[in-house]
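Consider the two complexes below, in which chain A is the common component and chain B and chain C are the respective partners.
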Partner chain A sequence: MGGHPLAQLRLFVRRHGFAWALILPTLLYLLAFQIYPLLQSVYLSLTDLSLTRAGTGKFVGLANYYYLLKSDPQFWLIFRNTFIWVVACAVGQYLFAVPAALILNTKLRARGLWRGLIMVPWVTPVVVVGIMWRWILDGDSGLLNYYLNVLGLIEKPIIWLGSDFWVWPAVISASIWKGFPYQTIMLLAGLAGIPKEVHEAAQVDGATPVQRFFLITLPLLAPVSVVLLSITVVTTWTKFDLIWLLTEGGPGFTTSILPTYVYSNAFVFYKLGLASAVATLSALVVMVLAIVYMRWVNTDVE
Partner chain B sequence: MKDSTLFRVLLSIGKYSVLAVVLIFTLGPFAWLVVSSFKPAEEIFRQIPTWYSENFTLANYRWALGPLGANIGRFLSNAFAASAGTALLSLLFAAIGGYSLARYQFPGYKAVSVVLLLAQMFQGPLIMVPWYKMAAALGILNTKLVLALIYGTTTIPVSVWLMSGFYRHVPRTLEEAALVDGCSRLGALWRIIVPSAAPGLVATTLFAFVTAWNDYQYALILTSSDKAKTIQVGISELVGFMGMSNWGGIMASGVLATIPIIFIFAYIQKYLIEGLTAGAVKG
Partner chain C sequence: MRKWMASLLTVTTLMLAGCGGSKPNETTPQPAAEKKEPVTLRVIYSGTTDIEKAWSVKMKEQIEAKHSDIKIEYMYIGWADVEKKLAVMLQAGDVPDLMQTQDATNLVAMNALEPLDAYLSKAGATVKKADFHQSALEYGVFSGKLYSLPTAAIGYGLVVNEELLGKAGIKAEEIKTTDDLVKAAKALTKDGVYGMGYASGAPRFSWRDPAMFAFSNGEFTLADVDDAHKKAYIEVLSVYNSLRPYMPEAVTAWQYPEMRKAFAAGQIAMMPFGSFFTGNVYEFNPDIVAKSKVIPIPHGPSGQKPAMMVGGVGLSMLAGSKHKDAAWTVMQDLSQKEPVAQFAASVNLPSRVDVKGEEIAKLAETIYPKAFEAHGKFTGSFSPLLQTYGKTMPRIIGQAEMEVVFQKNMVQLLQGKLTPEQAYENIKRDIAQIKK
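Let's look at the complex of A and B:
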């Protein structure tokens, strides 16, 4: 320890220079194209920049935030919607993924094929998911209304994406379809890590399959579950694509979430300053989620 | 006493029924897309829908690709260029960055890992407004270049992380032997390690390609004309322009945009799943 700073630097370069040189391009890339935009977003949120009015872009302090939190009639509705959407997607996908993973973890004929096929929704582009579900949920010719009618569950067709009540179940179903395969894959990896002996011992002790599921499988899946639920929450929090494609946040503001609000403020109404304030508030929530997530993962390791 | 054979048969029936339900839910909507894409318009809007096409037709595909219809060829080629650019970019960064994380415990390792994780979280709406401004200032709005650059913010951190996992499977003795033989460290990486990790590199690169190909939200804000619009933006606009009028053609376009991705994915599946799940399961 100690010594001339320059000598220390030389030592550092000799020891770690190669490793740093290899990772440095990645860090510089992210600095330029991700960290800088994030900071720029914070700065823009303090201006009144608008693309439709000349002479905007002046510093206005916290005016955008005051507007959003105090006088915007939609903001709190949208904020609440975002929580509902994110939690419903994560939990809904999980509830489908657990049985799917359990069944694909048993001995099956052609199991590899089924495991592969289940990934189709995950790789289907979100735009295609959007048109597919709009077509299935269509009020006049949609498949869903047809089957519900055949089963005698409804008398009149439901305009799924145009109804304040039905629009949420409709968009959440589409999201579950798109998202549950990823969770299934993760859970399958988690299940593969549970030693067979644990189950065999429990079976010898007379535990029923249901008991074994709740007392062994589920607790042992807890670590991977927390990880994948966190991943789902964050990725859902940073996407406006599926909701935008299905409803554009409507009817009215019923399915507007923070991501769609950023998009519509910025690229429909061209209020870049206001949109940046929404984006910055969203980023704060992601930051909190990230900290909680990393704390959790770290304490788990220790 | 329960009859154990009967019990086993019942169990197996139950198991395959659950599997069937899962598969119907998973594949049903996709199958409906494919079936609809082969139906003529009057069958598409029929009151009683069928799971087959009575008058099987390729007209929807001709409309999707033809110059008088949606003409999606240009969007497919834009998407291909932007995705290929993203894939090459990610390959470059991941091949060297992943190696650094796999082999060296340098000071700052932990911080770098955190940055890679955070980069995957701060995406989409959180960075799109400044990106739009930045692209406008640089004069690269509405180009395939800007798409590859912004996709890089998503794919590079994931690719570096995936590659670090794949490199860990390459035995250290390989590069030690190369170093003894007088190879430089960079030479050993290029000539010995990269070839040994080739399947992982291919999977990582193709995953970046798929991620870029499937993007909608960045392409929507950064492209505005046929010069750079990707297939995803192209299809989403068909719905806007055509409304109810040509669902068959829209479905056909959707199938064309998805099929290449499914093939690529089937090819890289094994490596990709292994790499993606490794991190999450360890916690």
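Let's look at the complex of A and C:
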């Protein structure tokens, strides 16, 4: 563009001013409440700030990162825990959501009622879910042990939340119960988008229901499934509340994940520099996952 | 052109409408005290049981009736969350005026609290240090400065179900050593009842209960992982190892609500607990109060006699408060004999030397109608024990971090995966790392 700068500015404003005016509030919100805190957190991660130790807050470069990656006895365990938590919850919710969506997609009696009821776990506040599952999983008087005993499946009560072996299945079960309704509803929408004629044609060709499911339904659900699993992975990665309510990341750090480790360092140990470093590393991993997803999502389903 | 200008104008107007205005709860800076302009004091109150809240409401009414220029605005934040929320508030510059405190170690380290010594020395002060039990007062002292006026003393001991002990032929007074304790726990464990409880499911409680035993076995803390305390430390871990068969397996996941519920239901016969006992079991089973008694935590081989930890619940002034004179007025009012007696009638023990057990029983009649006599008796039996055995509870920088590593090893000890010696070595290594 040639011409006087003022003329160029006037031209720009005439062409793009309206669009910028519309996105300006969102942009300001993102800058104030997302970008600035993110940058501030990254800066804090480069300091040794601790609220309970005088004289801290100095710039220490990458010392926090070096400590986490090389010296922290808990970090790699917690990093592994986070992957276990995310993959198990995402896959577990999906495995329950698919049959639920298939059932709700049929001509069920009172289908509307069932579709509403299935949302109950999703709409129940997570604090209520946490308290409820603590009592279900109680080793002494919990419902789960009671019914397992009645069915003859156990002789001795299992201390679900106090056992190194059972605590992860217990916590993941609670998360699957809470999260699968959302996936069910999304998959239901996806199923509604599959043309009936495809199934009818396959039926005419002699395909069994199982074949139709694996060869038609699942592939045509792939775009929805990929988006759904990716969203679940990202949201579960940052999910702190349910684990904290059930175990506080314990015993010790057995069920700690990166978000609970951030919380512990920031608000229990008051080590803000270290907590910010954990948060930054966690955000970097999520960013990598998001980039991988964005490249992969262009898969052709034909 | 006109369209986008109109849109820009609309957007700008909307943005300006959403901006500005004062922050919530912001009050105008207070002029000199002599002018006595009305002030609203923001008070963080952490006693969130119905009984404790009732006390706070009553105090607010009395104070506002007495001082027409003071209004009280409570923020009810439970003990588990108060420090975290306050740390965020302080960083945001949103400083309240007063708060309830227990262990103020971290708050003092953050320079959040106002030292009170100068206020107590002022002419016209209506409270003095000698009004309080010294062990309770000392709990609020850090580096020689007082940061908290105690409203109540919290004593810690072994609470036993005398009815269950009687059925097993055991007298509570006979449990003096940890060997006596293990024998008693063994005799009590039968017919669905366990001898001992332990809330190992949360780091805070997983630490606190053994800390009582450490205190009674030579007055050391669980942070003392040096060689001088190694023998005594392993003795404490060994006690828990010996008690394993007499505790429910579920203790590895229990927090305080589960443990006190089990005690109230008669499922466990003994548990380390504090003088906040009645308020915490009354809702489950008021009758349990009459069956319960407190004894000192038994001492181990390295202790000559028991010691009982004494903490406190107190009131502190925030260093950033904008209404310090009014805050000090309210602190003094809440530290007088009557409010302290009423608080002790609700929970814990009186912090003042001039409040007696009989007064508490009388006041407790409306609070615990089904157990006020038993509460008075329980509280009355606690106080003399603290006189004899009470020592101020240690305050440890970095305790929260140590609690987590301690819990991890205690759970493994209780699961039989570690011996006491192995648990000690792990705890020593991890705590030494934290102290660096």
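Throughout what follows, the second predicted complex is superposed on the first by the 288 of 302 C-alpha atoms of A that agree within 3 Å, B and C clash if a C-alpha of one lies under 4 Å from a C-alpha of the other, contacts with A are read in each partner's own complex, and residues count from 1 in each chain.
The rule we apply is simple: a residue touches a chain if its C-beta (ideal position, glycine included) is under 8 Å from a C-beta of that chain, and two chains touch if they have at least 3 such contacts.
Here the structure is a predicted model, which means the values were calculated and not measured.
*Asks:* Are chain B and chain C a fit on chain A, or do they clash, once the structures share the same frame?
*Replies:* Result for chain B and chain C: clash.
*Asks:* Quick check for you: in the superposed arrangement, does A:G250 touch first (chain B), second (chain C), both or neither?
*Replies:* second
*Asks:* Does chain C touch more residues of chain A than chain B does, or is it the other way round?
*Replies:* Partner touching more chain A residues in the overlay: B.
*Asks:* One more residue to check, A:M119. First (chain B), second (chain C), both or neither?
*Replies:* It touches chain B, and chain C stays clear.
*Asks:* Applying the touch criterion given at the start, work out whether A:F33 contacts chain B, chain C, both or neither, answering first, second, both or neither.
*Replies:* A:F33 contacts chain B only, not chain C.
*Asks:* Now for A:V127: first (chain B), second (chain C), both, or neither, which partner does it touch?
*Replies:* So A:V127 only meets chain B here.
*Asks:* For A:P169 in the superposed arrangement: first (chain B), second (chain C), both or neither?
*Replies:* Touch partners of A:P169: none, neither chain B nor chain C.
*Asks:* After superposition on the shared chain, which partner residues are touched by A:P219: those of chain B (first), chain C (second), both, or neither?
*Replies:* After superposition on chain A, A:P219 lies in contact with neither partner.
*Asks:* Considering only touches as defined above, state whether A:P73 meets chain B (first), chain C (second), both or neither.
*Replies:* second
*Asks:* Between chain B and chain C, whom does A:L161 touch in the aligned arrangement: first, second, both, or neither?
*Replies:* A:L161 sits against chain C, while chain B stays out of touch.
*Asks:* Tell me the contact category for A:Y270 with respect to chain B and chain C: first, second, both or neither.
*Replies:* second
*Asks:* Chain B clashes with which stretch of chain C: 20-28, 74-82, 182-190 or 416-424?
*Replies:* Clashes with chain B appear only in stretch 74-82.
*Asks:* Intersection of chain A residues contacting chain B with those contacting chain C?
*Replies:* 18, 22, 25, 140, 267
*Asks:* If you look only at chain C, which of its residues touch chain A in the complex?
*Replies:* 1, 3-4, 7-8, 11, 14-15, 83-84, 87-88, 105-106, 109-110, 200-203, 248-253, 258, 262, 267, 397-398, 400-401, 404-405, 407-409, 411, 415, 430, 433
*Asks:* Please give the residue numbers of chain B that touch chain A in the complex, ascending.
*Replies:* It comes out as residues 15-16, 18-19, 22-23, 25-27, 29-30, 32-33, 36, 44-46, 48-49, 92-93, 96-97, 99-101, 103-104, 106-108, 112, 114-119, 121-134, 149-150, 152-153, 156-157, 160, 185, 210, 213-214, 216-217, 220-221, 231-233, 235-236, 239, 247, 250-251, 254, 257-258, 261-262, 265-266, 269, 273, 276-278, 280-281, 283.
*Asks:* In their complex, what parts of chain A are in touch with chain C?
*Replies:* 14, 17-18, 21-22, 24-25, 28, 51-54, 73, 137-140, 157, 159-164, 247-248, 250-254, 264, 267-270
*Asks:* So in the complex, which bits of chain A are touching chain B?
*Replies:* 12, 16, 18-20, 22-23, 25-27, 29-30, 33-34, 36-38, 40-41, 44, 96, 99-100, 103-104, 106, 108, 114, 116-121, 123-128, 130-136, 140-141, 143, 146, 177, 181, 185-186, 188-190, 193, 223-224, 227-228, 231, 234-235, 238-241, 244-245, 258-259, 262-263, 266-267, 272, 275-276, 278-279, 282-283, 286, 289-290, 294, 297, 300-301
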